[in-house]
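Let me begin by presenting the structure, written as structure tokens, before commenting on it.
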Amino acid sequence: MPAMTPDQLHAFMAESFPQAAHMGFRIEELDDTRIRLRVPMHDRHLRPGGTVSGPTLMWTVDCAFYLLIMGRIGPVALAVTTNLNINFMRKPEPVDVLAEARLLKLGRTLAVGDVTLFSDGKADPVAHATITYAIPTR
Amino acid sequence: MPAMTPDQLHAFMAESFPQAAHMGFRIEELDDTRIRLRVPMHDRHLRPGGTVSGPTLMWTVDCAFYLLIMGRIGPVALAVTTNLNINFMRKPEPVDVLAEARLLKLGRTLAVGDVTLFSDGKADPVAHATITYAIPTR
Amino acid sequence: MPAMTPDQLHAFMAESFPQAAHMGFRIEELDDTRIRLRVPMHDRHLRPGGTVSGPTLMWTVDCAFYLLIMGRIGPVALAVTTNLNINFMRKPEPVDVLAEARLLKLGRTLAVGDVTLFSDGKADPVAHATITYAIPTR
Amino acid sequence: MPAMTPDQLHAFMAESFPQAAHMGFRIEELDDTRIRLRVPMHDRHLRPGGTVSGPTLMWTVDCAFYLLIMGRIGPVALAVTTNLNINFMRKPEPVDVLAEARLLKLGRTLAVGDVTLFSDGKADPVAHATITYAIPTR
């Protein structure tokens, strides 16, 4: 059973990370090991040619996994990303980005997961990432 | 529909890569985008402490994804691994290793996928990897 | 001998990628296999606690390596990042970011390199990344 | 000043990891943040076509970085690899492999570095890897 609900997570982010909350993301699904996050398309995320920028995709990976960890163990303000590996596979459409993240390991000091990114309405992923967070000893 | 069946892949490997076939792996499931591979435990894979060695796990990742690509497009002797990223998450048990690989992208020159490794009988993965192969233009 | 000088690269970016040029980066050194890039500190890159944001660091990695490739082979508008792996090692200071990139391989279709990021004035790197670009066949 | 000399490291490996020592590696240079390791060519490392196998290269990366950490902080039997990311860039020649590793961060619980692999006598690297070790709290 998650430690925080999507509503609690949205409220926590709005208070603690207003810059991130400003991206307008919404948690669509959440359980102990999975999250589905929607990041609405916005002109400021776009690159020439009408594609979503690489930094926006990487931010989405990081945000989805951070929310998944917090959903599981509660607010951990000091958790930090230590490794992010991303494969860019297809040009994103100028639409919402959906992130589906899995928690593969929640250890004493490290959390490891992977995140698959989709353009809304498309079956083939635009990118896939693995990510590691260092978690302060609880 | 895959281009090769598990039996055809086993025969191809025995002929073309006898050293790899010597590992005794068996394809348990195969379709267009997924493979499940079993690598039997053998004393020569073990490390002190009774754990499967890192090189054996990395070999398993590479082999599973190579078989998945060949199953999909037929024998491509010149395909080569260009990137492998692996997170080691739990100590493997001294039992068979199971690899579950997904094909995330099959492009004109690159194939990208991920592979999750399990100790037989355990639900939590021992490792997770992403892998890229360069494929000769067909 | 590089195909483009730092001045030519600055002008090319200002024209083709005004959004990127807006970051105000400057090439401090450039030869066939190495580049040193400075990204000035700006409030919009900062996170709470006065540290440079992860997306800004990832953007810096990507930009430095793109400039190094273009410096070597000339403008290649269609080159795209296919893989980026980054290890975040130390909290960045709220100062300029320096990127030192090396070209490890320039192949027919792939370019591979690594990028080490520093906070200006500090000897220990804040992050290290490897990056792969797919290059259109020339 | 390193905590262990090359001779002490060779002796420690021969006693604690006879299987690894059997590879016949030699430390050619060692200081606080760098190591240069030679792994002699042997028939059992070769693949059809006379190239060094991928698992041998990955083993070399792992071994070089483990020796560098131990040289710095002394024998830490329980240090384990948590992440390895490798880019294979050129076909290795059937000759000795040289590994040049750098320690980029030695933290309280994680050590991060990169390793560049060469075929003996060649200037262009055959592979480049980044690697993370988890270190038991000292």
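For reference, chains read A, B, C and D in written order, and residue numbers begin at 1 within each chain.
To be clear about the criterion, contacts are C-beta pairs under 8 Å (C-beta built on N, C-alpha and C of every residue); 3 or more make two chains touch, one makes a residue touch a chain.
Note that the structure is a prediction, hence the values are computed from the model and not measured.
Between the interfaces B-C and A-C, more contacting C-beta pairs are found at A-C. Distance between Cα centroids is largest for the pairing of subunit B with C. In terms of their C-alpha centroids, the spacing between subunit A and subunit B amounts to 28 Å.
A straight line joining the Cα centres of subunit A and subunit C is 24 Å long. Computed from the mean C-alpha positions, the centre of subunit B lies at a distance of 34 Å from the centre of subunit C. In subunit C, 82-83, 85, 87, 89, 132 are the positions where the chain touches two or more neighbouring chains simultaneously.
Contact residues on subunit D toward subunit B in their complex (touch as defined above): 16-17, 19, 47-48, 54-56, 58-59, 62, 80-89.
Interface residues of subunit D, counted against subunit A in their complex, comprise 82-83, 85, 109-110, 132, 134. Residues 85, 87, 89-90, 104-105, 107, 112, 114, 116, 124-125, 128, 130, 132 of subunit B touch subunit A in their complex.
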